[in-house]
Amino acid sequence: SAQTAEAPSSIKLDFAYYNPVSLVLRDQKWLEDDLAQDNVKVEWVQSLGSNKALELLNSRSIDFGSTAGAAALLGKANGNPIKAVYIYSKPEWTALVTRDATINRVEDLRGKKVAATRGTDPHIFLLRALDQVGLSEQDIELVQLQHPDGKTALERGDVDAWAGLDPHMATTELEQGSRLFFRNPDLNTYGFLNVREAFAEQYPGYVERVLTAYEKARQWAIENPDELKTILAREAKLSDAVAAKQLERTDLTSPVIGAIHKETIVAAGDVLKRSGVIPNTVEVEQVANDLVDPQFAEKIAG
Amino acid sequence: MSNFLKTNGSKSAAISTASATRPYRPPKRRRAARHQWAIGLIIPITLLVLWELLSRVGVFPPNLLPAPSAIASTLWSLTVTGELVEHIGITVFRVLLGFLIGAGLATVFGALTGYSRFAHQLLDPLLQALRSIPSLAWVPLFILWLGIYETSKVSLIAVGVFFPVYLNLMSGIQNVDRKLVEVGQVYRLNQLKLIGRVFLPATLPAYIVGLRSGLGLGWMFVVAAEIMGASKGLGFLLVDGQTTGRPDIIIASILLFAVLGKLTDAVVASAGKRLLRWQDSYSSHHQ
Amino acid sequence: MLHIETVYKQFDNGFVALEDVNLQVNPGEIVSLVGTSGCGKSTLLRIIAGLDKATTGSVSIHHEVINAPHPDVGIIFQEPRLMPWLTVQDNVRFGLEHLSRTDSDAITAATLAKVGLSDFAHMLPRQLSGGMAQRVAIARALVTKPSILLLDEPFSALDAFTRTKLQDHLLHIWEYDRPTMMLVTHDIEEALVLSDRIIVLRGNPGRIHRTVTLDLPRPRKRTNTTLQQWKERLLTELDVSMAERSLAEI
Amino acid sequence: MSNFLKTNGSKSAAISTASATRPYRPPKRRRAARHQWAIGLIIPITLLVLWELLSRVGVFPPNLLPAPSAIASTLWSLTVTGELVEHIGITVFRVLLGFLIGAGLATVFGALTGYSRFAHQLLDPLLQALRSIPSLAWVPLFILWLGIYETSKVSLIAVGVFFPVYLNLMSGIQNVDRKLVEVGQVYRLNQLKLIGRVFLPATLPAYIVGLRSGLGLGWMFVVAAEIMGASKGLGFLLVDGQTTGRPDIIIASILLFAVLGKLTDAVVASAGKRLLRWQDSYSSHHQ
Amino acid sequence: MLHIETVYKQFDNGFVALEDVNLQVNPGEIVSLVGTSGCGKSTLLRIIAGLDKATTGSVSIHHEVINAPHPDVGIIFQEPRLMPWLTVQDNVRFGLEHLSRTDSDAITAATLAKVGLSDFAHMLPRQLSGGMAQRVAIARALVTKPSILLLDEPFSALDAFTRTKLQDHLLHIWEYDRPTMMLVTHDIEEALVLSDRIIVLRGNPGRIHRTVTLDLPRPRKRTNTTLQQWKERLLTELDVSMAERSLAEI
């Protein structure tokens, strides 16, 4: 393997409940085993959400961080120096959820109260869903709530619908009978594994080593669905049913980042721009091009 | 009436004569007061200038810590759209309302548990326990109990305000000089009057500190409050800045918190100073 | 009618301040308490005022046992104990809140004049001299016209002239309202001029050592020979009672 | 030596005689103290029972507010795995360390700005402004400055502890009775000694209130601190419970915050009581 | 050598307490200040102690103008001002911290014995009687052996016997160390027995009204006829000076 620069003393990765591959990799210690020969330590830092992972990347607290694709774009647009190098999943982690019998289509949301966390994948999903039927944020009453709080608000009836996120979504679906009335996996923006630009420039060889390990974990996860479920349920303290539901909606088959992902995040970027989360001055396409860097994943897969 | 007390009346001539040879010096406090607030600006301004410089030369990368000028321009653009006024307005409203409610309840409970031993034994342990529950932890409970609208937000802020006011008032009352309390007892003031006419005035210094602490916590709790379904407000701005990763918004809202916090605190502090003019304390002579 | 029956007072720290104090004070009587510093005079007054409880024994007023401050009792403490946040005038008015503002204004103004503080009505306690503060405290106790008045060294911070004037004023009040008074004082002459009975407390724990009854008409002249004789006797008495303890102890 | 003071020595016979007819009553305080803590349990236990009952009959849906018994079993299962001890251990450690650092710094700054007018004018406005910055707002800044490891967490907690201690101490010092300060001045104590021998002891009641308030805030800030990349700790447990949607964990950690907060507070409060035995205050006679 | 030159004192609220006070006190001299309540005695003492500044005029000690408390000056305040958190013994020791523990223990114990409080060394101020607290304050000032001692009504809370003993003790100290003393007192007899000079302050604002020089050997007997004559004269003098104001004002 190429070692253009001397080795880092340690590599810091995040692990996250929304990135099952990271849980497997952390559990199996393959990266540790591989890097031990170079005397490189591996440090795992938990990330509680895309925005936290970005914060950690931005402050150089981690070298690799897992986020939703749109979140990575947002980060990049705000000057966070990262590169997206790998797709850890194509999840359907978000959908529109309701308990109101009169809401069956996205159009029914007109004038209703909808909970979402701004800037996150569910929010983008909501905006794109609205966009598809010719509605916008102005046609509904968006209630800003953190994901778990959105679920509570939905269950209490404070809001009519909720742009949900797993595992909360799976939980309310299973336990409270909430309905996912609009689903579309293609409007989710994939799970991006990002690396700090500086790290990638200095230690490209180690980026490959990490991705290799990730690949191993991904393959293992596909081959051992039951163990994967056990690991997720144990780590994220989910009931088996919820873990199963979540994994059922997570597609781990294509790791290479590419044009399709770019398209998705550009589309996401456009709605974010319209809703004001991304400033008008930002060239979304440009940012997406800067962000997505498929070379490492292609090398590994190839 | 004799001339015990020199006023501008008949004997002022005597004073003037005295002044001729020994010019009257105005008390120093006044003179100093005029410039004293400016001294407080030295450090903040120095820090600001340093920060701008270091940003310009690139020591602080803009993605981590944008320059003051960048933040100023963010603030400016928020101002021209009128957004900022809205954010500030609603947050100030929530904090003040929560402050009034929290401080009001704390005054009742603090007076009660400070004054009555039984009330103290009954209520204080529970309140002391609740005191260390973090603002974020209250959020799900408040959503559960009160929903996500203003009631819930204002109540959460009131909770934050409650505890410092309560603690300061309660201990203040317990620390009141027994000698003065006895005077009230001799005049057979009933319990309410004893509290109102002896305990509360005697506790005023501690109470004002409690109010100031409480107000500070009110500003802190507003973030947790505005996590609950707000779409306006400084707390919302801060959290939104965090979720959407915009450091300029984060820092701008922090600065606004600092400035607004300081302003509201100054109001309480100076009201307190006015009320405490009777004090024969170190600072009242010292300044 | 004030009954003090076998009062015994032990403080929390075990110190016994009073032992077997029995005393009966008739309505309108002026009784002085004298005794060396620390012998329990203030403690006794505090028990009568209902501010402290006798460990055993009891104090009763009109045959009612005292457990809390009694409405008929007023007290002037050994220290002024002014409310620092109230002006002189409002401190004096402290016990008058049941009256209308006009009434209390009038009474307050009159009493302030009597203690020579009319011009200081709006000053705060911290702006007063020691004697002025003590006079405010005297005024505060007098305005409510208590029928039993306990005075703990009320004039000790005052110069001879002011003191005489206030003694006269006290007697003047007594002529009109005939309050029962118990006066703690270190000034034997003052005790002699004012009181019907002088109680000498003595020892640790304090006990009643001697009672002197003065059956003389009032007002009394300080130069009155009977008084002068009594003064000599009492001073010697106190000296002797003290001399029982070695000098170094004092 | 005379027998001014009755001890168990020679004159005890006199006391005994007296006791025969007038039995010595032990001071009430002692007797009451034995049961007084139990009174404080009345309300919490009532609430707990009510809560369990309402949960059982289904008024509180378990997905929102699980029954106390459910929470107890969650706590139990965390205990047997040993996880709970770890969470509590690390959090207590962080809070205490942060408390020590924060309170220490606050003592220095509070003494300084309370005592010196110039220091007050220079530093106080800035500190008062920082006081109202919410814990969550500090998080990105601390990650930025100090990273995500212990230093950063402990510092953030120290920030929370700092302000109440600072404010109480500073105003406490300003409110010290001038009469006592003058005694120190007459003995020409230098400034440090004046602070140590007059200001600090005289301020002790306010200072202890500040320490208690500060400790409370320490417990609050630990959540924000443990949001910064922790994988152990009560704050982590709480936030993790929130992200993973487990109400039993959320409530369990809230209860743990309450209990631990109350326990640590009781330690400070009782240390304070011991130090303040000299006080001639309302409560010291009243209880 | 203590020089007080044309001291004029106006307080923040505009009240003028002292006007044109000139005084020179020689080393080892005992000067008493007498005057009606509120005439500025304590204010003058505070200015000498460096705790308050004269609005105009100056006070100098050994030709050094006073701006802050001077190391040679000790003061007994009008109130005890004990540190409530220190025991009696530690209060007395307050000014002795430069000494070793053994030394300060010895001095403290000796002085406590002199003021009759040996048995109360470990009590807290709140457990003391008024006179006991005052005696602790006296002890605290005496232990440091200041060469200029300012005493503001030090004995006013004490009974006649204890007072005499402490006056004797003060004279005893004076015999050995010859400190300069300025004593504020309301007890003319005390002033006569103790001092070389008596200064009568009078009026509002206070001015020096009269100076009486007493060239008598010490110790003096209270019954000494010269003293008794002076006492009469001074009392009349004070009375007359007061009578200029209408009675109602006092």
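Chains here go by letter, A, B, C, D and E, matching the order in which they are written, and residues are numbered from 1 within each.
In the analysis below, a contact is a pair of C-beta atoms (placed from the backbone, for glycine too) under 8 Å apart; a residue touches a chain by one contact, two chains touch by 3 or more.
In this text, all values refer to a predicted model and were calculated from it rather than measured experimentally.
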**Item:** Interchain contact steps from subunit A to subunit E (minimum; 1 if touching)
**Value:** 2
**Fill in**
Relative to subunit E, the most remote chain by C-alpha centroid is chain A
**Message:** Counting only Cα atoms for the centres, state how far subunit B is from subunit D in Å.
**Reply:** 20
**Asked** Per the centroid of Cα atoms for each chain, what is the distance between subunit A and subunit D, given in Å?
**Response** 41
**Prompt:** Rounded to the nearest whole Å, what is the centre-to-centre distance of subunit C and subunit E, using the mean of the C-alpha atoms as each centre?
**Reply:** 26
**Fill in**
Expressed in whole Å, how far the mean CA point of subunit B lies from that of subunit C is 46
**Message:** Can you pull out the residues of subunit A that are in contact with at least two other chains?
**Reply:** 55, 59, 146, 148, 152, 156
**Message:** Where in subunit B do residues touch two or more of the other chains?
**Reply:** 2-5, 64, 140, 144, 179, 242, 247, 279-280
**Residues within subunit C bordering two or more other chains** = 15, 79, 118, 249
**Touching residues (chain side subunit D, partner subunit B) in the complex** = 36-37, 39-44, 64-65, 114, 117-118, 121-126, 128-137, 139-141, 144, 163-164, 167-168, 171-179, 181, 199, 205-206, 208-209, 212-213, 215-217, 219-224, 235, 238-239, 242, 247, 250, 253-254, 257-262, 264-266, 269, 279-287
**Residue ranges of subunit C touching subunit E (in the complex, touch as defined)** = 11, 13, 15, 34-38, 41-43, 78-79, 113-116, 118, 123, 127-132, 135, 152-153, 156-163, 165, 186-188, 235, 238-239, 242, 247-250
**Asked** Given the complex with subunit C, which residues does subunit B contribute to the contact?
**Response** 1-5, 179-180, 182-183, 185-188, 193, 197-198, 201-202, 204, 277-280
**Fill in**
subunit D partner, complex, touching residues on subunit E are 49-51, 68-69, 71, 73-75, 77, 79, 81, 83-86, 94-95, 97, 118-120, 124-126, 144
**Request:** Spell out the part of subunit B that touches subunit A in their complex, as residue ranges.
**Result:** 62-64, 139-140, 143-144, 147-149, 227-231, 236, 240, 242-247
